[in-house]
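The following pair of complexes shares a single chain, chain A, combined with chain B in the former and chain C in the latter.
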Partner chain A sequence: MKEKGSVMEKEKETQSQEAKLIPVYIMGKRYEVPEGLTIMGAMEYAGYQLKRGCGCREGFCGACATVYRTADDYKIKTGLACQTVVEPNMYLAQIPFFPANKAVYDVDKLEPSISTFQELYPETFRCVSCNTCTKACPQDIEVMDYIQAIIRGDIAQAADLSFDCIMCGLCAARCPAEIVQYNVALLARRLYGKYLVKKSEYLEKRFKEILEHKYDKEIEELMHMDRESLKKKYYARDIEKM
Partner chain B sequence: MKISYFPGCTLKTMAKNFEDSALASLSSLDIEMKEFKRWNCCGTVYSLTSDDLIHQVAPIRNLIRVKEEKDTRVVTLCSMCYNTLKRANKLVKEDSEKLDKLNNLMDREDVKYNGEVEVLHLLEILKNEVGFSQIAKKIKIPLKGLKVAPYYGCLLLRPPEVGIDDPERPTILKDFLGSVGAEAIDYPYETECCASYHTVVNVDLVVERAYDILNSAINRGAEAIVLSCPLCDFNLDNRQKEIKEKFSDFKGIPIFYFTQLLALSLGLDEKVCRFELNFVDPRPLLRSKHLIGEV
Partner chain C sequence: MYPEFMKESLKLIEKTRPERLKIALSGEKVFTPMTDAERKEVLTKFHPDYKQDARREIRVGPNRGEHITSEVADLLESHSRINPDDFNLSKVDYDTDILVIGGGGAGAAAALLARENGAKVIIATKLRLGDSNSMMSQGGVQAAVNPNDSPAIHYLDAMGGGHFDNKPDLVRALTMDASGVIKWLEELGVIFDRDSNGNLMSKLGGGTSRKRMLSARDYTGAAIMRVLRDEVKNHPEDIQVIEFSPAVELLMDEAGQAAGSILYNLETEEYIIVRAKSTIIATGGFGRLHIKEFATTNHYGATADGLILGYKAGVNLLYMDSVQYHPTGATYPEQILGFLITEKVRGLGAQPVNRLGELFVFPLEPRDVEAASFIRECTGRKKGITTSAGRMGIWLDSPIIELINGEGTIQKQLPAMYRQFNRFDIDITKEPMLVFPTLHYQNGGLEINDKGETKIPNLYVAGEVSGGVHGRNRLMGNSVLDYSVFGRRAGINAALNAKKVKLGKFTLSHVKEYEKELQEAGIHTDRIAPVLLPDYTPPEVRARQFTARYEGTLR
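This part shows the complex of A and B:
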């Protein structure tokens, strides 16, 4: 995953100094905004109040998926508005919401097989391997590859490849086959988690122990530990091998 | 021998009996099938619309993946995948403008495609590189007394530029049957179309065509059919349920992938044939010929 968060801090830094102004076009209209702002910052600087199409402002929630174009390039580019820094002569617009198809299902009643996808998301099989989804993904996920994994019934691989998805919707917005990749992937991860992933033998046992208050004393100790000792303990913890 | 392998989606889902029997057989013939990474759907059917280039992206992207792994040949088993990959390859080899357009559309790929990969069907490898006479020497259980009608359908043979044999008088499946010791049955419907994708919207049409094909073979003494296409297999095997509903005289006949017969004759464990996935269970027939053990 890309490193997040630092962009916003940098942005604040830029604003505090006297920054150079650069021209950008927001929904076709020219504005001058300080250099170093993110797309989201630039829009707000220009006076737009973002109610939808913005969320955590830290690059994690996926709410601020955006499309833009840069001068002298025909390509529509994509990114997260809170993470992408403006360039001179950028053409900007903010997408408030994707009215994407979402199947309603009870995961307890599904089978972890290709027929589930054929039934709930038949459009998945319209994929022509154009790879436009992958090009649009701000998370650098191989979106087409996980759709193709589903087409050949490999749910585990689809779950793995789509793990970093933040469901921003850009793949679906660009797909000529009108697949809603992120919802299809969510189904894959749910099926994988519920039916396919190797069950942890100790989890149930440990769960029972917790309910029986076996670890209450240790928790109490942790609650009163200082930061450094907590850190030490955290890094020395046992992790179950998969 | 090691060769780059394109399985296709159906061999990973509906036709596991095709893939499992093939991989086991080839491994015993010392052919290593290297499934190349990041393959996608072949394109499912070759698009005949001349300006519909988007449907050539899928097959050509697969050939780019083969090239990425520094291979120059790729083998596939499904007749549909074979036909789609081979024809798309032919198209771009003959039309540099379309090849440029496709490469430009796939501008994120590090490798550009220039028609370097050769697309092969497994039957071609068995015939031309292993040799049917060599297979005949390696078999442990000759399928003696098993009367099998070869069924080619369309996609292995047509159009002739990509066909693996004579489109009107093919012999490759007959020769294959000879090498595994089975008796090939001649009948006039071996290159007829099974009605293909009509099976989605017009089951009746499929039922009528499949009835003609299967009955013709049965009437000439065939006890089973052998083929290489999962779609033909669906129409000739799974649709026997509907055939019986429409034609009360229809007796039913088992359908084999050629690799199932190969695995059986090579003396491999019956389990690799995955006969439980065949719609018409071929095991009673094989038991009656003493080709597999009793239950």
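This part shows the complex of A and C:
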């Protein structure tokens, strides 16, 4: 194993030779980094070894949610450090942890109705419709709209609108009503998935067949087939059409 | 936005698209699948596993003398992070029924099922609960639930995909548990894609002979992991989660049984002793070892930590000579290099084509065959595209998805892919994606049986860190299934085991013996394992860190 993460280093080496260096401010300190890097890449280039605030590095886990500011703009912007490319004179930061509230519940005992939200997340109903959450979302989810859907009792719509949520927490960090939108949305999706979707007949049937040992013998035969016979069977199998 | 010099090739893609669409709509295969001999040829000539220095002999431990992936051999021939003599093992910090090492899909599933079976659980994880490759899986999970499908057909597909090296009892568990796993996830509240009748939508995957890939848009892993994480957090009285605390060695007792682990608090830099009646290793894979210097789809924490822990304790490895490269990693733009482009893109009909807009391979061969064909098209036949950063790639024609399935399909079924490329001004509904194989999955790992047990008493393994389920090549959608099936099985059996275990006096003598073995093999190295985090500090910065102390890659 190459101990220095050779691929990334090579990239950085090539970049430092070829790419133009631009100034950025990490936690207020000035560094010069190659243009084209992401915020995460810029911090590592500067010499940070990330422990918190770094996860899947592909925009799926929400670990690297961050705030930044660009030159000549008073606004605090939000994004994922692994997905946002640096600009000259950008102010970069890290939000390693946000102590958000999560309700503890027994999902088997909940009702898929508005009263569940009133009980577990009463602050949801304090939403002032300012839309700051939506503006903060790096996934471009209509966060305020799904909160409003929950307030109306439309769990299906809330589940649909919030589906692509990666639970990075930027909505909650910016909310003046102290709502933890991403946890409220997860509750909505779990209620929808458990209680409100139409169940699959095929799945129920197959599950029952397995319990009744319908396939035991066939699998057992395959398990004891010699390699060549199994191979033959495999290459002769029909493939379902697209 | 693609650079000017790629425009000519992009025009050729558009030119050949109507003809390719016609074949796709006819229902015929767009390219003839390979025979056994053809597969063998492209693999041996072009798959990175067959390069001369891809494998080397491992000189210590249970697999001594075997040839395994060179980077893994390096990892296993490394010193411990700790000196066993520093530890007073008579004083434990935590005492529990079950210790789960790793907070991804397998770990969370194991913890939940162990709890259901009456155990108190600690999950120790290196980063946050849920930070894992499980969270990143996009395209789907295999489960044979359709009437034209069966666990037996799934079994055959998985065996063929794995080159018939899979352990039969593990594949039986995988395929027979599948419908139960989907039901379990549904009851926890995971939302799967379904049709108007409520039946689960299914797609073909590489190497699957039936439409068996169930999905949750292209956030399948996230949809599942979010719920599992939430459910773990709903049981604080039974499941304690210790984050940012990776395991660095297993703890044994004098009878040679596993007895817990030594954790390392990444922030306070303290070591913590956890005593457990059953220990479950669920630490995931090895993508961040950047094997053969490939970019990877894997999570920051994917450094094969559990592999070395289990190996040192005496568990043997299976198939650590094979590495999975996902055929479709992004190769342009540079910022998303190596990112996963889910197989669901091809499941929906996208076709791989070369620079001239020609089809050159059946789009849904098993991953190793598909990946090797892409490499052949670029290096062997010189019909790929080279980016300005000097990287090779072939086109994955995504706009054809909308022509086959109707406008809006991509935004509806592949929102993550659309979003990813849109951030860099590429609209994949109108332009193809440039792709090249990327380091994706650890096919092999620690050997288990169908209960998740290892040959060491009280020690269980589940998920990507285990070996045998997938033989030498995993099929798409079988990893999400793997971590669910074997996470659950390990959790149940570990909990049953915990009820009868009697632990003796603790020892770290296995760590000392391993060090001795390294010495006797004449291995002199400053490598330390587990590495815990990859080190991306540039050498010029490192050269100026005069007073910094590195333990391996970790500062």
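The criterion applied here is as follows: the second predicted complex is superposed on the first by the 192 of 242 C-alpha atoms of A that agree within 3 Å, B and C clash if a C-alpha of one lies under 4 Å from a C-alpha of the other, contacts with A are read in each partner's own complex, and residues count from 1 in each chain.
Criterion: a residue touches a chain if its C-beta (ideal position, glycine included) is under 8 Å from a C-beta of that chain, and two chains touch if they have at least 3 such contacts.
Keep in mind it's a predicted model, so treat the numbers as computed, not measured.
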Contact-wise, after the overlay, does A:Gln94 reach chain B, chain C, both or neither (first, second, both, neither)?
neither
Is A:Gln83 contacted by the first partner chain B, the second partner chain C, both or neither?
second
State whether A:Leu222 touches chain B only (first), chain C only (second), both chains, or neither.
second
Based on the superposed arrangement, let me know which partner A:Ser162 touches: chain B (first), chain C (second), both, or neither?
neither
If you stack the two complexes on chain A, which partner ends up touching A:Thr124: first (chain B), second (chain C), both, or neither?
neither
Counting residues of chain A touched by each of chain B and chain C, the higher count belongs to C
After superposition on the shared chain, which partner residues are touched by A:Met144: those of chain B (first), chain C (second), both, or neither?
first
Given the touch rule stated above, what does A:Asp154 touch, chain B (first), chain C (second), both, or neither?
first
Chain A residues touched by both chain B and chain C?
none
Touching chain A in the complex: which residues of chain B?
7-9, 12-13, 38-41, 43, 54-55, 57-58, 61, 105-106, 108
Which positions of chain A touch chain C when the two form their complex?
1-14, 16, 36-38, 41, 44-47, 49-52, 54-61, 63, 83, 85, 102, 104-107, 139-140, 159, 163-167, 186, 189-194, 197-207, 210, 215, 218-219, 222-223, 227, 230-231, 233-235, 237-242
Which part of chain C faces chain A closely enough to touch in the complex?
24, 27, 29, 33, 35-36, 71-72, 74-75, 127-128, 130-131, 133, 135-136, 138, 143-148, 150-153, 155-157, 159-160, 164, 168-169, 172, 175-176, 179-180, 182-183, 186-192, 194, 197-200, 204, 209-211, 216-217, 219, 221-223, 226-227, 230-231, 233-234, 236, 244, 266-267, 288-290, 293-297, 299-300, 334-340, 349, 389, 415-416, 419-420, 423, 527, 531, 533-539, 541-542, 545, 552-555
Can you list the residues on chain A that touch chain B in the complex?
114, 127-131, 134-135, 142, 144-145, 148, 151-154, 176
